Amino acid sequence: MIEGVLMLVGSVLILVGSLFDLLAALGLLRLPDLYTRIHALTMGTIGGAVLPLIGVALVAAGWVELGSYRWYLAGAAIVTAILILMLAPAGSHAIARAAYRARSPSPSYVVIDELAKKVRGGGR
Amino acid sequence: MGSRLLAALSMCAMALALAYALTVGVFSIYIPIELRPLAKILVTSAYNESTPLFSSMTPEIVTAVVWDYRGIDTFFEVAVFYVAIVATAALFRGIERSAPRTSVGLSTIVRTVTRIVALMIVVVGSAIILHGHLTPGGGFQGGATIAVAVALALVAYGLAKLVEHRIDYETSLKVRSLGLLGLSLSACIALIAALILNTNAYVFQNQPKTYAPIGLPYAVDGVLISGTVLLLNIFDGIAVAAGFALLLILLSQPEDVARERVLSSEGGE
Amino acid sequence: MLFLELVLCLVAALVSLVGTYLAIVEKDLLKAVVFSALQSTAYAFIYYLLMAPDIALVYIPVAVGLYPLLLVIAIRKCGRFEEV
Amino acid sequence: MDLETFAKFVINVVAVVLVLNAAIALYGLLARPNLLKKIIALTIFSDSINSFAILIGFRLVKGFENPVPPVITSVPPSESYARWFLAKSVDPLPQALVLTAIVINLAVTAFLVALAIQIYRVSGTLDARTLAYEKARRGEER
Amino acid sequence: MELRDLAVSIVMLSIPIYVLAFLLYVVRIVKGPTVADMVIAVDALGYDLAVFLTILAVLFRVPFLVAVAMVLALWIYALDIYVAKYLEAKEVGA
Amino acid sequence: MMRYVVVFLLSLATYLVFVGSVTLYDIVTGIAVSSVAATVFGRILVRNPRKLEVRRFVELVRYLATFIATEIRAHLELAKIVLSPNVSKSIRPGIVRVRYDLESDYGVTLLANSITNTPGTLVVDLDEEERALYVHWINVRTLEPEEIRDIVSRSFEEHARKIFD
């Protein structure tokens, strides 16, 4: 019984995660420039990757037929989630910083840009 | 961009149509329902305690084929790998010690994350190597995995920092040579034992064969180690990782110094 | 389950075709490298679906981790755009 | 379309796509002028050919369940497990053949990249046409 | 047992949504005006593919396939910082 | 000594989870690999071993609760933006300067990663001398520095200081 409930909760998490993923893909298509698109990417990695990985861990932990391997699956899913939590923000930060410094693209839809003074104010 | 996407999509449609025509026509790819006879032999004999003379006692059949059934072939492929690296080093001779004094690197956040991830990559790579005979993996996979840790450190910290931590040309050359030496020695280990015990053995012999009664034990105290396969995996992993590290260090030497040296040596001849 | 595997295999194959075509046609070499990374990811997925985890494990570090680095180093040293 | 025909169709699609990929990559290898583009095309070409070998090793299972990778998971295998495994495992031989090829391809590609960098250092261009023209010009001077 | 079948069918329901999202990511990769746009789309594709591989490993009941997912999640990061270093510094190795 | 033990345990845990079984072979090879990794990486990973206390791990759990609450709110907000009929009208993006007050690399990294992990805010650059993060914010609501700090980073910063400083 408890296993069934675990699996149900996990599968609902996976479904919600896939919906977030779809939203992130839509956002990646619709948002106007690179920096706003990275926000959509964040939604795709946190809501669309970490959340369903926790769901997979619950599903695997509840699936009795898998035998002792289910703990392995659950542990590996959790570790992958932690890895994504560490790696995804560092990667998007690196890309954003490099794109800003290389001015490709220059942030156009911006209300205020306080970084411009530091990066471009001095030399250029 | 629109016309390119259209071209790619029409190619997809063409592939689908062609595949449909092939499926209803005669020239379809044959997908077997049964295994092929050779594969059947491999699958039944890779781990089979009842026929010890034909078995390699390795539950991971791909690794069994790579390091036992066609071990000599793999050994010569490693030699090709070695020659490619030697060729690169020979091409770049004279500029391998022109490492820069200062490094640029990326931001602190990326550096910190890379530091933690490099540890995890090295551990995961070692796990892939050491469990090559039990789960998917082996020397090539683990070696390539560890090489990516070097690549990440190289990009995030810069070459000068790597040289500071003694990951440089000399060290990787030494480690690579050590791995290759170990590979050759563990290939001949059964032969050496047979010379001492005055019996027969083959090169790359893992388990006892006909007319060659000795072989490494496939299990020690009930723990499966699959004879020489484990040793070969370990040394191959070391050689591959150090070889790729050597390649990356060579390729990322600073360009201005390198070009100067190359042009001056060309002018001198 | 076999049906699922086959459908995913089909999608991955078509994506790899798109990636290959764009990687060859593209004049900006850095973009070509990213397209070839897309193609490599699709191939890794195909290997996974064809039940070859050994190949996937060696292909992902090599094709996603090391090929792009080699090519990016060379592009940084030798210029980014291909003249036609 | 029943499942067997569909499986045949999908395998054919993958095969056709791999052949097309190899053909496109061959076009890139022959017709694009930049040496680095040629190297990219070469990697795609070799990967496509390797994938074809893996595709040949795929198989269907009686009853159309999905097959399993060629790894024995219960050690030592019991009689029934061995029979089940024989009925469901894919062909291990093409995988073993391709495995080393991928790594060696990487080493050879690294050598080619090094060669391209060296050519750029000496001659200042990576365009195959310009290189050929330079060579012809030098020959005339002599 | 009812609950288990329900859960598996919910998971199966989420698979077409994932595939649709992958295709939309591919559209962004193809369109992306700059390299950085393409790279973040490859990123998103890679991380979600890692999740997808984990789900498939559970559905196929082949446990050690999950190692591939873990390795994929580790490597997609590499492409990010290579391109970032390309855009930022004069030498990739410096 | 303490730093090596921590790195050893981290790598042993990674090893065992990746391998997925706990037999004698796994434990022996895991200990061997982890000791090598600990001797190589110990000095690089842990700069100040005196800071390794249990209290910080408790704080990590409390940080997770804050993180999850912030995530849910931010996700719903961004989903609303993405689904709105005219996207570029419904956003007010801008790059703002957020000061922080943390010492260690890990603390800064945790803070920056938490900010980036929240959809709607993204760390574009950081200035370590002036101790400021430059944050791209999709919906700039205010231009007062202290208010910005309250909305974007205050709660994360408290936790990051308790965990790593």
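For reference, chains read A, B, C, D, E and F in written order, and residue numbers begin at 1 within each chain.
Note that contacts are C-beta pairs under 8 Å (C-beta built on N, C-alpha and C of every residue); 3 or more make two chains touch, one makes a residue touch a chain.
Note that the structure is a prediction, hence the values are computed from the model and not measured.
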Chain E and chain B - chains in contact with each: A, C, D, F
Of all other chains, the one whose Cα centre sits farthest from chain E: B
Chain located farthest away, centre of chain C as origin (C-alpha): F
Between chain A and chain C, centroid-to-centroid distance (C-alpha), Å: 21
Separation of mean Cα positions, chain D and chain A [Å, integer]: 31
Centre-to-centre distance between chain F and chain D (centres being mean Cα positions), rounded to whole Å: 39
Where chain B touches two or more other chains at once, by residue number: 4, 8, 11, 15-16, 60, 62, 106-107, 109-110, 113-114, 116-117, 120, 124, 128, 135-138, 140, 144-145, 148, 151, 155, 224, 244, 247-248, 251-252, 255
Residues within chain A bordering two or more other chains: 26, 38, 45, 69, 72, 76, 79, 83, 86-90, 92-94, 96-97
Of all residues in chain C, the ones touching two or more other chains: 1, 5, 13-14, 17-18, 21-22, 51, 53-54, 57-58, 61-62, 65-66, 69-70, 73-75, 77
Interchain contacts (touch definition) - all pairs: A-B, A-E, A-F, B-C, B-D, B-E, B-F, C-D, C-E, D-E, E-F
Sites on chain C touched by chain E in the complex: 1, 4-5, 8, 11, 15, 18, 22, 28, 30-31, 34-35, 37-38, 41, 44-45, 48, 51, 53, 56-57, 60-61, 64-65, 68-69, 72-73, 75-77
List of chain E residues in touch with chain C within their complex: 12, 15, 19, 22-23, 26, 29-30, 35, 38-39, 42, 45-46, 49, 53, 56, 59-60, 62, 64-65, 67-68, 71-72, 75-76, 78-79, 82-83, 85-86, 90-93
Contact footprint of chain F on chain E as seen in their complex: 63-64, 67, 70
Residues of chain C touching chain B in the complex: 13-14, 17-18, 21-22, 25, 53-54, 57-58, 61-62, 65-66, 69-70, 73-74, 77
Residues of chain B defined as touching chain F within the complex: 107-109, 111-113, 115-116, 118-120, 122-124, 126-127, 130-131, 135, 165, 221-225
